[in-house]
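We just call them A, B and C in the order they show up, numbering each chain from 1.
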Amino acid sequence: MTASLGQEMHALAARLFPINRSLTGPGVRETLSILQEHLQDLQIYEVKSGTSAFDWEIPNEWSVNDAYVKDETGKKIIDFKTSNLHLMGYSTPVNYLVTREELMKHLHTLPDQPTAIPYVTSYYSEDWGFCVADEDLQNIGDGPFEVYVDSTLGPGVMNYADLIIQGQTDEEILLSTYFCHPSMANNELSGPVVLTFIAKWLKEIPLKDRKYTYRLVMVPETIGSIYYISKNLESLRKVRAGWVLTCIGDERTYSYVPSRDGNTLADRVSKKVLSEIYPDYKTYSWLDRGSDERQYCSPGVDLPVASIMRSKYGEYPEYHTSLDDLSLVTPDGLYGGFVAMQAAIKMLEANAVFKTRVPCEPQLGKRGLYPNTSVKSSGHLVRDQMNVLSYCDGVNDLISIAELCKIEFTVALEIINRLTAADVIERLDL
Amino acid sequence: MTASLGQEMHALAARLFPINRSLTGPGVRETLSILQEHLQDLQIYEVKSGTSAFDWEIPNEWSVNDAYVKDETGKKIIDFKTSNLHLMGYSTPVNYLVTREELMKHLHTLPDQPTAIPYVTSYYSEDWGFCVADEDLQNIGDGPFEVYVDSTLGPGVMNYADLIIQGQTDEEILLSTYFCHPSMANNELSGPVVLTFIAKWLKEIPLKDRKYTYRLVMVPETIGSIYYISKNLESLRKVRAGWVLTCIGDERTYSYVPSRDGNTLADRVSKKVLSEIYPDYKTYSWLDRGSDERQYCSPGVDLPVASIMRSKYGEYPEYHTSLDDLSLVTPDGLYGGFVAMQAAIKMLEANAVFKTRVPCEPQLGKRGLYPNTSVKSSGHLVRDQMNVLSYCDGVNDLISIAELCKIEFTVALEIINRLTAADVIERLDL
Amino acid sequence: MTASLGQEMHALAARLFPINRSLTGPGVRETLSILQEHLQDLQIYEVKSGTSAFDWEIPNEWSVNDAYVKDETGKKIIDFKTSNLHLMGYSTPVNYLVTREELMKHLHTLPDQPTAIPYVTSYYSEDWGFCVADEDLQNIGDGPFEVYVDSTLGPGVMNYADLIIQGQTDEEILLSTYFCHPSMANNELSGPVVLTFIAKWLKEIPLKDRKYTYRLVMVPETIGSIYYISKNLESLRKVRAGWVLTCIGDERTYSYVPSRDGNTLADRVSKKVLSEIYPDYKTYSWLDRGSDERQYCSPGVDLPVASIMRSKYGEYPEYHTSLDDLSLVTPDGLYGGFVAMQAAIKMLEANAVFKTRVPCEPQLGKRGLYPNTSVKSSGHLVRDQMNVLSYCDGVNDLISIAELCKIEFTVALEIINRLTAADVIERLDL
């Protein structure tokens, strides 16, 4: 199962990898269409360029047919068709003969990472540019160079998608990811891919076992989440916990970025899950944020949205370069990300406040829940059970109880289930 | 006085030591009767077996006339009359000839403590058993063995006692101990003995100097406190602070187990008292609890009950064995326990909120409370007094004031008394 | 400017230094009269000896014409005219011939600091005394000695002063200092001098830029502030933050003494200012207080008054001796004190709560506040701005925002001003 699920996720990432995604355009539609093969009820929306969303406007749609730079011999020295990272995002169409000096002003490289093509965009200012590995820049000639960008940038639509999986209550869990980057694997495809497989898993759970309604959101980063919030703010008020899924597919570590509040249910779940599956996980601060939690947690929106990641954006050397590829993101890495999100969701579903049905300790012996012969060590045998019971006070939720009792959540849950079955405690929903 | 009081307490413990106590039975009545010699108004109660108490039932009464194991030569190799720990608590009557193998199934030993007879009970499941020092097990023959237990286990009563010492108000201090263990000294007799002498001291204090009403409770552990709570829950709502007295008679250390809340008046007093009389005292967590605070602090009861101990149950090697005897518990150890509880009670009685009678500092010089000549060092001479005064704000109680001023409670109290006498501050009861 | 302002302040201190100040008397009036040259609207008040103020009475007025001790040869061995510290404050008039032994009872010295004349007073008990450097005591003869104090101590007045600089609102900032010590520089003149120059600076700020009304108070210590509070308690209820200015003129360090509450606006400002201008500043506790914050923060008065100092009273070796002179207090030291108080006031004036005008992040790019080309490092370029914006939530004030964003207050303020100018956020007054 592990191996198989990780492989399936990696295969989906590999299929999506070559597509030229940006905020808008045909690459986005192709991507969403492939995801819809996995999630038939994924709702895909479009919104026209120029439409307002709070302080913003939906940008023009951008698409690229071809783009290259030829040297004085007519040889293509930079070619969009070999990597869509070569073309700066939202480059305007051009067909120029330029000097070496002029070309250099429009080239982006990373001298410290000479083999990496950097990822650069210019969403909100019209310009053109190419990105290239620094080592490939060393051999180009004196020019002049033919610069050719066959792109269109004009009124069109921005696409996004969501999927609502109705639960027993209208209280929502928000899982949001984005898909606006071209060929990058951790900081792009890991989020949509893990979210897709989380959605498939959620849909298999019987309704009776799903308390929460799940809102899965796939948007271009920033403008997409802003538009989504502007359209759905009232519904989003029902969100009890949420996560932005990104950078969740490599194997190196786990990371946590808090919500702005820092102590929401999403934060408490994130910390408990990660402390159990990877105690050395990295904790960042709100100041280190960088994705759509910026919008979900913004003043006036104030949703309880945190991030559980593997290697965090901006913190690994391959970030925003061509080196963030499908060798960095692995089946095991994706599976690890899936498992963490799954544990978070299971914790949310199981979490509740519990209350003993009578004052004082219940008599556990007569229910077979306590050893009948008291020996010197018996005090320790059922210690965890007695500790959990002592906090079934109608105030502490199960996450707090597990923390207070210094045990894993699943151990606390097992005890709670046994005590509930024995009718010793009752569950009070949050 | 010290020596004498410690000796008196130790003598009482020695007199009670040989009695075969359990949850119920004649040993309990004999014990309470002896304590009544010291406390004539101790109220002794009985409740019938089978009576309900929340989730529990009062167990059958158990008494033992004789119990032994004889070997194939007719020699008594285990004899209840030499130590009542030899018989497992609540053993049913038997008169069998058993094989060595069968006997072994019913013997309890401590291989790691070969000289110690362990203490074992089977309150809530009918069975028989013997407890024996591991080293004495080495020499027994091949059997068969005659096993003889002349006990009765059947409907009867459970006994317990309390003593209410009325104060000027109905607000209560609860002091609870238990007496259900046979011949063990720290984890049994130290509690009832110290409580008895605390009661004698309390009764000598004039009513005008006792703000609180004292509720002293002596019960068999667990079932006794559960029954007591079930009968007295409404009265117990008046408890402002309480302690379970147990393991309070050896000389090795002092220990503190918090209430479930962890920050009640009982906790604040316990920590302040122990930090002053034994700064290296051991602090345990609620997870380390183990006596009747389990009931007093249980959800739905929620009383402010902590524990001040010497060596805590479960934490010293002699615990629940025959080695917990009258050489472990000493006159000095008992006296140290008495002094700590006395200090806690004195602190509670003296504690109040105080308020200056005018804004700004009072003029202490004209009342002889401040040096009239200001020299370089005079700022420090009356520093504590000025600090205490600065917190007589009608909000901080005297425990907080002493902590804020980093002084002992008795130093703060002396200052408060001087300032009150000078009419500079007034006392506001809590 | 720095040098010049420091020099001006030092020159004023030098002019005031030789005057014989005490709680009352002509030295006080001369001092206030000189300060009035700088602050024409400084209000000078007088209150009669014997007038009540809460628990206190205004003391008699004390003045000195001459005072000395002559030895058996007629030589003046101690002479008030060489240092007014030689005469114990509030010494009664005497003209005695005394034995060496009798004289010694009335001499105060500091054996550990043999060159220092100590500062001693006897405000509230009638006595006489002389203070002398220990090394000068070594050579005096066998006597008898002529002791001559030509002082008057009798009904008169106590003087004090204040200055109200009206702002746009009636909410007040309190700046209080004292002037009752004779020739000492850090623990006396630094406070009145820095306060005078702060007042001159405040008066130059246009009314539209001063939200707060400033109440500047100059009183004899303790009795002066008590009387001032008793006369002005209702007005003082409008104080939002305040400081006692003293010991603010040497160069060795910065110090902070909290208010009794410890977390008032004055405390938050003090800590933020000092952490920026002198990160190693010394933090004292309320227990280390020692000046008029004792009255301003007393129970029943409870004002938000802290202290920002250079070397704190009682903590530097020259304190309350003749060594606390104009070589210890320097132009640079005074200027440093001025700058800290100025920064505190600027912080208070700029502090407010801010709120974004729309949900989600504003579009900063279209306002020229965000780089339009996204490169790998651009996330960091505008990081501070985005962080500040994320806390413009209508809850955090600017001091909190700067702390949360781990930036200097002035950096946060600059960002806030830019965002306010761009109409992206709005200011909500506290």
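In this section, a contact is a pair of C-beta atoms (placed from the backbone, for glycine too) under 8 Å apart; a residue touches a chain by one contact, two chains touch by 3 or more.
Just so you know, these numbers come straight off a predicted model, no measurement behind them.
Q: Counting one step for each move to a touching chain, how far apart are chain B and chain C?
A: Steps on the shortest route: 1.
Q: At the chain A/chain B interface, shared numbers over all numbers used: above half (same) or below half (different)?
A: Chain A vs chain B: different; shared/all numbers falls short of half.
Q: Could you tell me the distance, in whole angstrom, between the mean C-alpha positions of chain A and chain B?
A: Distance between chain centres: 55 Å.
Q: Please list all residues of chain C that touch 2 or more other chains.
A: Within chain C, no residue contacts more than one other chain.
Q: What residues of chain B sit close enough to touch chain C in their complex?
A: So the residues of chain B touching chain C come out as 355-356, 358-363, 365-366, 372-376, 379, 383, 386-387, 390-394, 404-406, 424.
Q: Chain C touches which residues of chain A in the complex?
A: These residues of chain A touch chain C: 53-57, 88-89, 108, 110, 118-125, 127, 129, 222, 225-226, 229-230, 233, 260, 286-287, 290, 294-295, 297-302, 314, 319-321.
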